[in-house]
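See structure below.
As written, the chain order gives the labels A, B, C and D, with residue 1 at the start of each chain.
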Amino acid sequence: IEDSPHEECGIVAVASASQPVSSLAFFGLYALQHRGQEAAGIAVSNGKTLHVHKDEGLVSQVFSPATLDPMVGDLAIGHTRYSTTGAPGARNAQPFVIETLHGPIGVAHNGNLVNAPALRQELLTNGAGLSSSSDTEVMALQLAGADGDSWEERLANAMKQWEGAYSLVVLTADRILAARDPWGFRPLSIGRLSDGHVIASETGALMTVGCTHLREVEPGEIVTLTTALARTRGVLEPHSPGARCTFEHIYFSRPDAVWDGLSVHQVRQRLGAALAEEHPADVDVVIPVPDSSTPAAIGYAAALGVPYNEGFVKNRYIGRTFIEPTDALRKMGVSMKFNTLRDNIDGKRVAVIDDSIVRGNTSGPLLRLIRQAGAKEVHLRITCPPITNPCYMGVDMGTHDELIAHHLSVEEIREHIGADTLGFLSLETMMAALGRTDGYCNACFTGEYPIAIDGIRSKQDFEGALG
Amino acid sequence: IEDSPHEECGIVAVASASQPVSSLAFFGLYALQHRGQEAAGIAVSNGKTLHVHKDEGLVSQVFSPATLDPMVGDLAIGHTRYSTTGAPGARNAQPFVIETLHGPIGVAHNGNLVNAPALRQELLTNGAGLSSSSDTEVMALQLAGADGDSWEERLANAMKQWEGAYSLVVLTADRILAARDPWGFRPLSIGRLSDGHVIASETGALMTVGCTHLREVEPGEIVTLTTALARTRGVLEPHSPGARCTFEHIYFSRPDAVWDGLSVHQVRQRLGAALAEEHPADVDVVIPVPDSSTPAAIGYAAALGVPYNEGFVKNRYIGRTFIEPTDALRKMGVSMKFNTLRDNIDGKRVAVIDDSIVRGNTSGPLLRLIRQAGAKEVHLRITCPPITNPCYMGVDMGTHDELIAHHLSVEEIREHIGADTLGFLSLETMMAALGRTDGYCNACFTGEYPIAIDGIRSKQDFEGALG
Amino acid sequence: IEDSPHEECGIVAVASASQPVSSLAFFGLYALQHRGQEAAGIAVSNGKTLHVHKDEGLVSQVFSPATLDPMVGDLAIGHTRYSTTGAPGARNAQPFVIETLHGPIGVAHNGNLVNAPALRQELLTNGAGLSSSSDTEVMALQLAGADGDSWEERLANAMKQWEGAYSLVVLTADRILAARDPWGFRPLSIGRLSDGHVIASETGALMTVGCTHLREVEPGEIVTLTTALARTRGVLEPHSPGARCTFEHIYFSRPDAVWDGLSVHQVRQRLGAALAEEHPADVDVVIPVPDSSTPAAIGYAAALGVPYNEGFVKNRYIGRTFIEPTDALRKMGVSMKFNTLRDNIDGKRVAVIDDSIVRGNTSGPLLRLIRQAGAKEVHLRITCPPITNPCYMGVDMGTHDELIAHHLSVEEIREHIGADTLGFLSLETMMAALGRTDGYCNACFTGEYPIAIDGIRSKQDFEGALG
Amino acid sequence: IEDSPHEECGIVAVASASQPVSSLAFFGLYALQHRGQEAAGIAVSNGKTLHVHKDEGLVSQVFSPATLDPMVGDLAIGHTRYSTTGAPGARNAQPFVIETLHGPIGVAHNGNLVNAPALRQELLTNGAGLSSSSDTEVMALQLAGADGDSWEERLANAMKQWEGAYSLVVLTADRILAARDPWGFRPLSIGRLSDGHVIASETGALMTVGCTHLREVEPGEIVTLTTALARTRGVLEPHSPGARCTFEHIYFSRPDAVWDGLSVHQVRQRLGAALAEEHPADVDVVIPVPDSSTPAAIGYAAALGVPYNEGFVKNRYIGRTFIEPTDALRKMGVSMKFNTLRDNIDGKRVAVIDDSIVRGNTSGPLLRLIRQAGAKEVHLRITCPPITNPCYMGVDMGTHDELIAHHLSVEEIREHIGADTLGFLSLETMMAALGRTDGYCNACFTGEYPIAIDGIRSKQDFEGALG
């Protein structure tokens, strides 16, 4: 639903001696489309030069055979991007490609450097010019100027200066480097092809391109891919405990992702089951807000022994459109996204399962639809705690001001959205459902950030510097 | 899934004195996108002249504020179209708009006239020229030349010559006419706005634009809409029994549709339950082929008392792309549409529920994915009988040659696709699940066509006459 | 310049057994681009079916290798179109292609039928439906319904009903027909290829595609082309005297055209020389309004023994832009089309030669530019008489109201535009310069139309019927 | 004609407190379109941030009201670009905009730095990353890192390192800087608006936007524009003598340009007259190769006392098309660009005036057309000496290998192209016609480069580094 945190990127890298790497990168991005719908790009190395194609739009809109087929080579990286409103997408689209003293490089990044403003200022002070507002350019320029006799060394040296969340892939003329920050905020996994390797933000993308034998790029690790080898080296000591983003399990990742050894679909079922224990409801039917809450609703219903069913129908053919109902039409009941299934709701006590409440502007209308369909009671259950703090690690949650739970208590939220009862999963129960006691970042729920954020502005604050 | 029959159109009509009719037609078409993704169009009357905008593409691609906003008036009709391969979509896009002796008219049609070739020949013999291969143009030209003092009379006279399936809306300068053939093959329903009416192929579209108090346009009936009134007259004696398309329940309609007084989502759950009785399976989990089979799988699982769960993940961001995996990549496991959820399948006996098998080319790969995910047994259950005959009533099922059940027995199909067991719902049980004994067209299962089709070629046969 | 009458079409037809006819049609249209810049189209026959591609835009924008290469066959026709403001170009674009009882036909037309409204009404009364406002559709539908055992006979019968100006080409599955009205208003010529023939509005287009041995399609004649033959038959008695459009010599045709046995460039030089005799000017330099007036200025200067030179520089890269100077900018001197060459003008007495004055809104600004460049005197000379009447024969001159010479005397016009002296060529001298005493239509100068136009509205009046 | 040297850019800058600067920049670029047709861009400052829009295509294609109107501010710069084949235009399109320590800057440049490779290497060695292959980025990055307390000082310091040809404009948040190299290779002029100033590559563009009181930006000078003032300072000692590009007079500049105090149209007439003296021809008519040679042909004809006339007709509606005649069609006489005017040529002895011969591949076909039109004799006269050396100062003349005069003598060229006689203007006579003895770069004729080019590769050699 619209009231969701926004992941800021999906990345992919392909090394293959015999397969068309640009096509594989495309299929990988296609499977990562949910991580960013604003812009997409692919860069390919033919061993000497890099060719890049990137533009605003969905992966399927940005690429066609005419743009993809000429990108011939053995190595490719790709990126799909969510951008905050106002920042011109095309200029900030990735991969970011530059010529350096040591040859051309391309960088695709998922995350957010909390010290990007300082690093940016340092670059400018040294006389650099920056053509975008993205921290990816900052990282690329630091790589260009880093000490070291190899790209691996230069990347290792650059990483020492980076604080924050980063999962990134770097394309050079003859290799691909992949790296992940020592906290392991954002996911990044590696899979094997018959004649090479693929790296992607989620294992689902690896599955889509036919990979087997998967593992994660470890926190603090650099993995080097050529068509012949996949070499790995620990570069930064992994932070202990780590700080994986819990929201990857709750909402971001596709349900076919496996992360931290956990199946996301299974985790979501367990979150539902745990919610049933913590916040049971005496209802006739359990329905999800499609599509992300479906596994949790299945788990909730099974744990309660109450029938699971669908209650909302979501338009499957949502393309980008600038045509929206006016407020007048909205009041008349015009609604582009969801219809209800009256026969599954009418006369029933209904539990509605949703993954999160961020700004709180969509739960109310959804519950209203349920009541209009004849529900006798409506009980809303959320598979995570109230979100009270912004994220500085690569997710657009909005600012303090925008977060409803920063202002209102659970009871006030319940009244605001018109639920009969409202239950958020507690932090402890949530972590128990994951089967983990630590190793995760829950700062959006707790305000306890794994990295000091004194004086740090969120990513959104310094976007748009060049207009 | 790809191996599906294709509905050949969705239609909508709007009469409203105070709302923006072009926007309402757009939102209606948006909700009917699943009925045709090749082309879309809207025509609006300002009381004197008609303005039309139509093009190839999704509804969201064909229309923008720039094309929609200038279409000002009180009356609108719209159309979304599926076209058979090779026929140039833009020329055949609807609404079809012409000037006639009695002023301009626009026609949007869902269905297929089985006597269109004869009517076409008759028009040509009378000296007419035809600019497209569509039967909609034939209908429009017959309307232009029909006897009668009003559009209602002319439409009534034209309908006497039409044999086959037609649900259509006609826009004139000062009114909208809607009509449905006497068998009632294809759906068409009418809803009330605060200051007008909307007609659409499915009730879900009526719900999307905020309508209440719905009923069907009856078989053989003409409904006249102006902003002031909605008048109806019986024109052709409804055929008894009728011949509603069973496939609307099984696959075409969105689950939020209500047709023949039946909720489609409920019908699908009952089809699943009936299937459980007719073809039970000793399994650990029941999974649907998303998205159309989800309610049937819920019903099947509930009836058996076996857990329902998701086993496939479908890419939600499918835009049109001309980039497809090559055969070589496909063999390597590259697959753009579905991934599996191993943890829900591994080591389990699995029942997979699908709505139908048409050409039979996708069930095999899907079952293979399930086995690769570790299923111990795979049992495929289909919510309708084997399809052995083409449709001449507006659905592209393919030709006899293409239909797998025309060539192979159930056992041969089972072996071909690699299922441990395979069960099709019988005709009797399917109708019992609907709660109907007659009134439906099941010709694709039985070969017993409600209308004589001697010497009739299928719609596809005469497309492309103009190249 | 902007203040020009607008020709309403260029047409081309190609029959060739071994050359790519779609490419030749493209090159022919490319050379006829000056006859219409709003839309372009080509239809090709492969012996059985017709394929058409047409759209709004310049010939070079409408066609690409991707659209042109698939159009394979031995016969092609093409069209480039100027459309009056407001009429939606794409729907009225030509060739107009329809299926008829006798197979598919495509029609491309240059001219205007003065009895089109009556013929249109007759078609509607007979029950036809019309999908555009163009008289070309009327002609195509009349062809579809005409009596006769062959397309030649049907065309001959249809021509008997047509009054007005028409040069047209008709493409059928196995032949091309070309015809011209008995007055011969608009040009149409035929040339020979090594293995076929080409027909085009102007001989320059024939030259562009490498033709030799040119002659005109005669007034009242039908020419039939296949790849094997070019057969001709007189069908309607040529009207005597004929009524060729004088404006083809004065302005429309490219200077490389040869028509009525006359080189257009030579005619324009002679018009200039005649103007020097009828309206000499005591000047230091003679300059043309580029580009159409250049030959007349050369002739004027030579006859007077005064130097010819350029005084205006015209932007050569004029693409279509919707960005125009505002009135405020225009007053500040912003001018997109012409700059002056001060050194050729400053301190001089200047004769400016222009082809015509229609609405009279551009002569003033042009003369002002000349004065700002330092001219001591400015004498404007026009190579035709004042235009006092609209054209109903296929040219958009504007209405009576819009024609400046319908309202103002020569002296008033002179004062209005700010010339020191102003001279229009007289009708007699103009015809003498052509070397003809009759055979031309000069209705726009005299109001004496060759065809009765009682009750006839101009083409513009009934455009836009369908909005 | 195709066989022409290519200018590599046109630039414009606008400072105005009350006029729409983005529109004025657009109109200025529109008038500079002949200096580059591959890409165009405009950057505007609103006093704080810069907004840029740039893309491949003609100025009229790159900009629309939708892209132009939102660019609001008091200061603008613009650029239109010719790019050598293969280099991806969009990435190299200008203005080049970056964020620096001192705020954002945009740079638009016409010329070529001969030491760009060394400067580029220096930047890379200092750890910079470069995102394009253009020397404009090198200049921008040097500006970003230059010493100085103001942009004027930083630009002055950067200029000390630049060797070669550069006319450039720099946009900062609050001012525009314009500068020209000390040799003055490329033109750059300044004009006054009622409330500001405009700077452009040619005075014709200044005239187009309504400027008065023009002068050049002097060699070695920096001009600072704000809406309130235009301040100038000499920064580098002008080289004496200077090295203006003679080809601006011969071919590049529009005839309405005034440069070095000379009217280009007048200069071309004098070049024609001088050619008549140096290489007279006993002919019946003098014709230009349109459009650039028209003034020279007028001058040549007047000096000989022989009639000037047009002999070629050039297609005025040349849009970019990828459809070209095949060799087979070319042999059949298909020719898209020029037709001949037989009546002006047939039976005559003809002098053809052209501006230059570079690769020598178009003169032959043109002369053949003249002979086919019946010329008894064909005498080709060229308004400059043979081009024997490449340009390293911002013009794409081709390499040594590609220059016909590098390989063949005048007599051999004459024979190669099939002229009866061939005359090139001598260097001395050319300079005499200009009225200058020195101050011009004639290296393409003499090989004497004003700047040492040891080890310098031409601009083309290092393009495409990033593919």
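Rule of thumb we're sticking to: a residue touches a chain if its C-beta (ideal position, glycine included) is under 8 Å from a C-beta of that chain, and two chains touch if they have at least 3 such contacts.
The shown structure was predicted, so the numbers you read here are calculated from the model rather than taken from an experiment.
K.L.:
What are the chains that subunit B and subunit C both touch?
P.N.:
none
K.L.:
Hey, which chain ends up farthest from subunit D, C-alpha centres compared?
P.N.:
B
K.L.:
Would you mind pulling out the distance in Å between where the CA atoms of subunit A average out and where those of subunit C do?
P.N.:
60
K.L.:
Measure off the straight-line distance from the CA centroid of subunit A to the CA centroid of subunit D, and report it in whole Å.
P.N.:
So the centre of subunit A lies 49 Å away from the centre of subunit D.
K.L.:
Measure off the straight-line distance from the CA centroid of subunit C to the CA centroid of subunit D, and report it in whole Å.
P.N.:
A distance of 36 Å separates the two centres.
K.L.:
Quick check of your reading of the touch definition: is the inter-chain graph here a line, ring, star, complete or other?
P.N.:
Per interface graph, the chains form a ring.
K.L.:
When you check every pair of chains, which ones turn out to touch?
P.N.:
Chain-chain contacts present: A-B, A-D, B-C, C-D.
K.L.:
Quick one: which bits of subunit B touch subunit C in the complex? Just the residue numbers, please.
P.N.:
46, 49-52, 96-101, 104-105, 121, 124-131, 133, 140-141, 143-146, 464-467
K.L.:
Would you pull the subunit A residues touching subunit B in the complex into a rising list?
P.N.:
19-20, 23-24, 26-27, 30-31, 33-34, 37, 58-61, 63-65, 68, 193-194, 204, 207-211, 254-256, 263, 265-266, 269, 291, 294-295, 298, 302, 307-310, 313, 315-323, 325-326, 328-329, 332-336, 339-344
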